[in-house]
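First chain A sits with chain B, and in the next complex the same chain sits with chain C.
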Partner chain A sequence: MKRHAELLLALLGVLAVVLVAWAVPWLRFVLTIALAKGLAVLGILLLLRAGQVSFGHALFVAFAAYVVAFLAPLLPETLLLLPVAALGSALLGLLVGLFVVRYREIFFGMLNLALSMVFYSVLEKFYAITHGTDGIRLAPTRFAGMALEGAAQGWSVLLLALALSLGFGVLVRLHLASPMGQALAGIKTREPRLEFMGVPARRVLLSAYVLSACMAGCGGALIAMTTRHVTPALAYWTASGELVFIAILGGAGSVLGPFLGALAYELTRVYAAALVADAWQMILGTVLLLVILFAPGGLWGMGRALFARRRAA
Partner chain B sequence: MPHPNPAAPLAPGAGLPPLGRRGVLQAGLAAGSLLLAGRTAQAQPSRPQEIKIGIATYLSGPASVFGVPGRQAAEMLIDQLNAEGGIGGVKLRPIFVDEGPGVDHVVGEFRRLAQSEDVDLIFSAISSADCLACAPLADELKRLTILWDCGTQRIFEEARYDYAFRTQANATPEVLAALLYLLKMKPDFRSLAVVNQDYAWGRDSWDIWRTAMNTLKPGVRVVAELFPRFGATDYSTEITRLLALRPDVVFSTTWGGDLDTLIRQSADRRLFERSTFVLPLAESSMERVGKALPAGHIVGARGDHWFLHPNPRDPELLRRFTNDFRQRFGAYPIYSCHHMAQAIFATKAAYEKAMQAKGGGWPTDAELAQAFRGLEFPSLTSTVRIREDGQGLEDQIIGTTMATDAYPFPVMTDMVVFKGESITTPAGQKSADWLKTLTPAMLDQMPQPIAYKP
Partner chain C sequence: MSALLEARGLRLAFGGVKAADGIDLAVEEGEFLAIIGPNGAGKTTFINMATGYLRPQAGEITFRGRRILGLPPRRIVRLGIARSFQLPQLFTEHTVLENMALAIAAREGPWSPLAPLLRPAWRDEAMALLDSFGLAPLAERRGDALNEGARKLADIAMAVALKPRLLLMDEPTSGVAAADKMAVVETLARVLRQSGVTAVFVEHDMEVVDRFADRVAVWGQGRIMALGPPQAVLADPQVRRDVIGILPEEAAGHAPA
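Up next, the complex of A and B:
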């Protein structure tokens, strides 16, 4: 029953996003970025299930964004660039994962952070190749062979983001319900028991890590295709922090949480910036503090509690 | 944080599963109607109620040392312009947005300004990355964009835009002016070290300097290329190395808090006594560092921006601007204030030109854009011309510091005001190639230095 309710909510959410993007054209960009970040946060959520917080997932976001930026002149096809970038991120995730899954908790988080900052420095220092902090402008790309412009281009990326969000949402939902997903929760509660049962904890975590890197890569590719300009700031530690922030804001209880959190975060940010251009950070900070203090389950937890109370009444 | 319009912050509700609540719906509708204001009547525009200008500037982060004075200058000048009746009887209204959070935020804000606020023009931006991202967007959304402060020369050298213009110079003349000045004033220097911030501007400006120096004075020994981290608070390693290497000249395009720190720490360790510093952005730090910056070093201002300009076009205008700014904000205006003034003066001149061409009718966006091409407009100190490719030709002032009792900080003496067209890469050429074609004859055409007059 609950699974159907979640799917229904997700479809309603998709409908709402499309409606808002249609009614308010400038929000289309914001919504696409929000969904892209939501995808990356979905990866964070997967690791959160195992009790591990990665402070460096911006690495995979930025890596995929730069893959898109570098390959766009050679391979100007969105539908090919995206899987290539996601696959690239997944491979990088496998490589990085082989090392970091040996560590837990703060060491896991910090190692991820360090690696993402290494990548940030590489992007910044190899100035002749990456143009440093000025970044790279994305060459024009085609969508399924069609050269789209302006609004059509924006819609194509938004719909792609929605499709990916739905697809990965379902996949993660299935993954979490599978024995592999249950084992992730086992890592959080008591890892040695998992080993006694003959389940290799590292391999479980590694597979989740690679999947999360792949999703972050999809998010990064979408961000690059939306802003059409990539800079090393994508890999900076604040970008990773933002992803964790969104995960907390949205709540880790459901695969809908990350998207809810990302939408709320991006919309709060643009509206706060529009209302008070020089104090929007304060509004954002206040929102996070309130969520941490009064709704530890995040927006998803809050919504569910409201729903449950109404049903009880 | 109370606000009269609760509808806007509630709009996220529109993205959530509908709860069927009347309140949420109403809020959503209110926000929707607020946001839906489209740009209509494009064909034959009537005189609008107001001219809305979106201004992207740094309100947070290290670059707010330029962004906040730029915003203050905009507020002051727009107030003054409105008091005089605005442009063609229409008043101006600025909408500020923060560049602090980075490129994706600015790109989103640009779209909001164009599609939701429906601004008539956008001034964007201080950061070169933001300018590189916004210029193509200007053409895509067909919204006039003035690149009001960013430095990168790549924009008009690598692409052509119909709706983006620059009302000031770019990195090439800014750095070249300082080099020419050094070659004229201290022609026999033999070694040089560079200390630049480790990011695009630090690398770019060094590239320009090195290319031009190798052309105009080959054989200078570069003893050290130091790129300390952006936002560094400690330069003791760099200073120790420079003290040991004893270069004749230290070149640094560092700015903001980084430059303040570099100057103070170099002064403490007497590096200024051993080497001549060339600091093309020091004008903006002068008031903060005060006498820590000793006499005899070369400073610039990213243009001809100096409140004691030796021969301004309209001395009264510059004096009034400086005094008004000081009175209202308690500091001397720095170059970003001048750049903002240029963007606003250019807007006024372009509207007037376009209206004149139309016999007094209000111009469309395309007509206004046409007016910017080849536009000549006054700056606070001289005139600026926007070239055919959209690049502005702005004069450059470079001087040598000297101490005076009249101010609690050093002033410039032996000031040279370079003409913009003499040191700017010609349209259609790339800076990297053009700099290699320079000849020492350039130095003979340099204007004579003008001493500080108390």
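Up next, the complex of A and C:
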């Protein structure tokens, strides 16, 4: 797919999200959460290119969310809190990454999972600081100095999420086509060859890991600002699994995949939960099985195949 | 003249098998040195030691006067020693062109994080190199969609793209169709001579060795049994018997009826 076509699709997507959020106000919250998760999934996609699956990226989502929750009373400015939280997650990503990039495949995945569960336990047990499973309510924050409330506050976070999604989408798209991104894909097929060409493969994976942690941090900060309440559940392994689920659902073929997957996932969840309250997980599970069996390229791959067939006909 | 690569007293045993049992070998600047010997003699082990993949239990290797033992492969390749592989190591999900461009990028690093891999300068260089190996028509094929011979050549081309001073090749002609073998080696020798690359190659085809090697080292049971110009070494009765597998009577024309 040509770069311009992808950018056009992304801009159309932004427009569609704004229109839906305007037409159906209660979906604004759902769409913001979807975009926030999409950002985290974009990081999962980056690691998938190297053939590695992290089952613990909720760690970085939750870390950034708690950074926002703790700092909000001291620094009540959205436009400062978000970069601070993202930077915090990136630094944590660097620290964790130094250990996990030494491992591959199932060991990489499980070590990530283990570390995220350690963080979950810390959040849950240190009640005096974190308020345990009760979580922390977010103090009111300002947006560019303005104290926004209600709908305006919701819109400000949604637009921020859209801007970040678009920005990181373009960034990751360029990065994947660069030598660094291509070497990352080389880790999947011939890591030793990279070393014999003079490329430090672990460092390539580490930089992707830090970038993925940073994006997950942006997602976590957005989630905190939207839900205005953070709990340890953000770091629980099911939250990490959800990110991998969305990555597979959306497809790893394009940077649009994660956002497509996240929007489909959140919207299905909302409507399925309303229609069949007891069985919505089963519906999602069935959808995932169908995607794995019949559309390994995910929703993005399905859409592309349909488009190609129509053009050929 | 001091040697480009010099190994002294290399020893490495895998269990009871001595792959290197006191190897002394000097590779002179500009020469093509062939290593021959029976399977399992330790020829590939030598390449693995010289590129930092394996560490000998004793001995020393210097490259341009600098000790390189203990350095990881990626540091050694940056000093100017590249290698190709007996089993081609292409990035199977990348095209041949991207494989080449990655090698060029690896040589050129450090990388800016957003500039594309297939930038015009690197694309042109990759295509020119592929063309000199006769691989240009396959540039857009994926690494796993080539036949064994083409994969082998592409693997060598990637090592050449690193612009090494010394190129170590592990059986460059195995897998190449017999009819194409001489043409392939001819091409390879021309490219290497043009760029002034010194080459060491492990080889089983004595015709190739005879035609392209300046010197031949015979590897057997972890030792160098003979070393010298191909005419002399390949005529040695012991080498003919132990390595090439020709009985002395046959060689002398007294084959039993």
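Everything below uses one rule, namely that the second predicted complex is superposed on the first by the 312 of 313 C-alpha atoms of A that agree within 3 Å, B and C clash if a C-alpha of one lies under 4 Å from a C-alpha of the other, contacts with A are read in each partner's own complex, and residues count from 1 in each chain.
Everything below uses one rule, namely that a contact is a pair of C-beta atoms (placed from the backbone, for glycine too) under 8 Å apart; a residue touches a chain by one contact, two chains touch by 3 or more.
Note that the structure is predicted; figures quoted are calculated from it, not measured.
Asks: On chain A, which partner's contacts cover more residues, chain B's or chain C's?
Replies: B
Asks: Let me test your reading of the model: by the given contact rule, A:Thr133 touches which partner, first (chain B), second (chain C), both or neither?
Replies: Touch partner of A:Thr133: chain B, not chain C.
Asks: Once the structures are superposed on A, label A:Ser178 by its partner contacts, choosing first (chain B), second (chain C), both or neither.
Replies: second
Asks: If you stack the two complexes on chain A, which partner ends up touching A:Gly186: first (chain B), second (chain C), both, or neither?
Replies: second
Asks: Per the contact definition in the header, classify A:Leu222: touching chain B only (first), chain C only (second), both, or neither.
Replies: neither
Asks: Between chain B (first) and chain C (second), which, if any, makes contact with A:Leu45: first, second, both or neither?
Replies: In the superposition, A:Leu45 contacts neither chain B nor chain C.
Asks: Determine, under the contact definition given at the top, whether A:Leu260 touches first (chain B), second (chain C), both, or neither.
Replies: A:Leu260: touches chain B, not chain C.
Asks: Name the residues of chain A shared by its contacts with chain B and its contacts with chain C.
Replies: Common interface on chain A, chain B vs chain C: nothing in common.
Asks: Within their complex, state which residues of chain A touch chain C.
Replies: Per the touch definition, chain A meets chain C at residues 171, 174-175, 177-183, 185-186, 188-190, 192-200, 207.
Asks: Hey, which residues of chain C end up touching chain A in the complex?
Replies: For this pair, the touching residues of chain C are 51, 53, 72-75, 77-78, 82-83, 89-94, 98, 101-103, 105-107, 109, 111-118, 143, 158, 162.
Asks: Where on chain A does chain B make contact in their complex?
Replies: 9, 12-13, 16-17, 19-20, 23-27, 29-31, 33, 124-125, 127, 131-135, 137, 149-150, 223, 226-229, 231, 233, 260, 263-264, 267-278, 280-283, 286, 303
Asks: Touching chain A in the complex: which residues of chain B?
Replies: 1, 3, 5, 8-9, 11-12, 14-18, 32, 35-36, 59-60, 96-98, 101-105, 107-109, 111-112, 114-116, 128-129, 132-133, 136, 140-141, 152, 154, 198-201, 203-204
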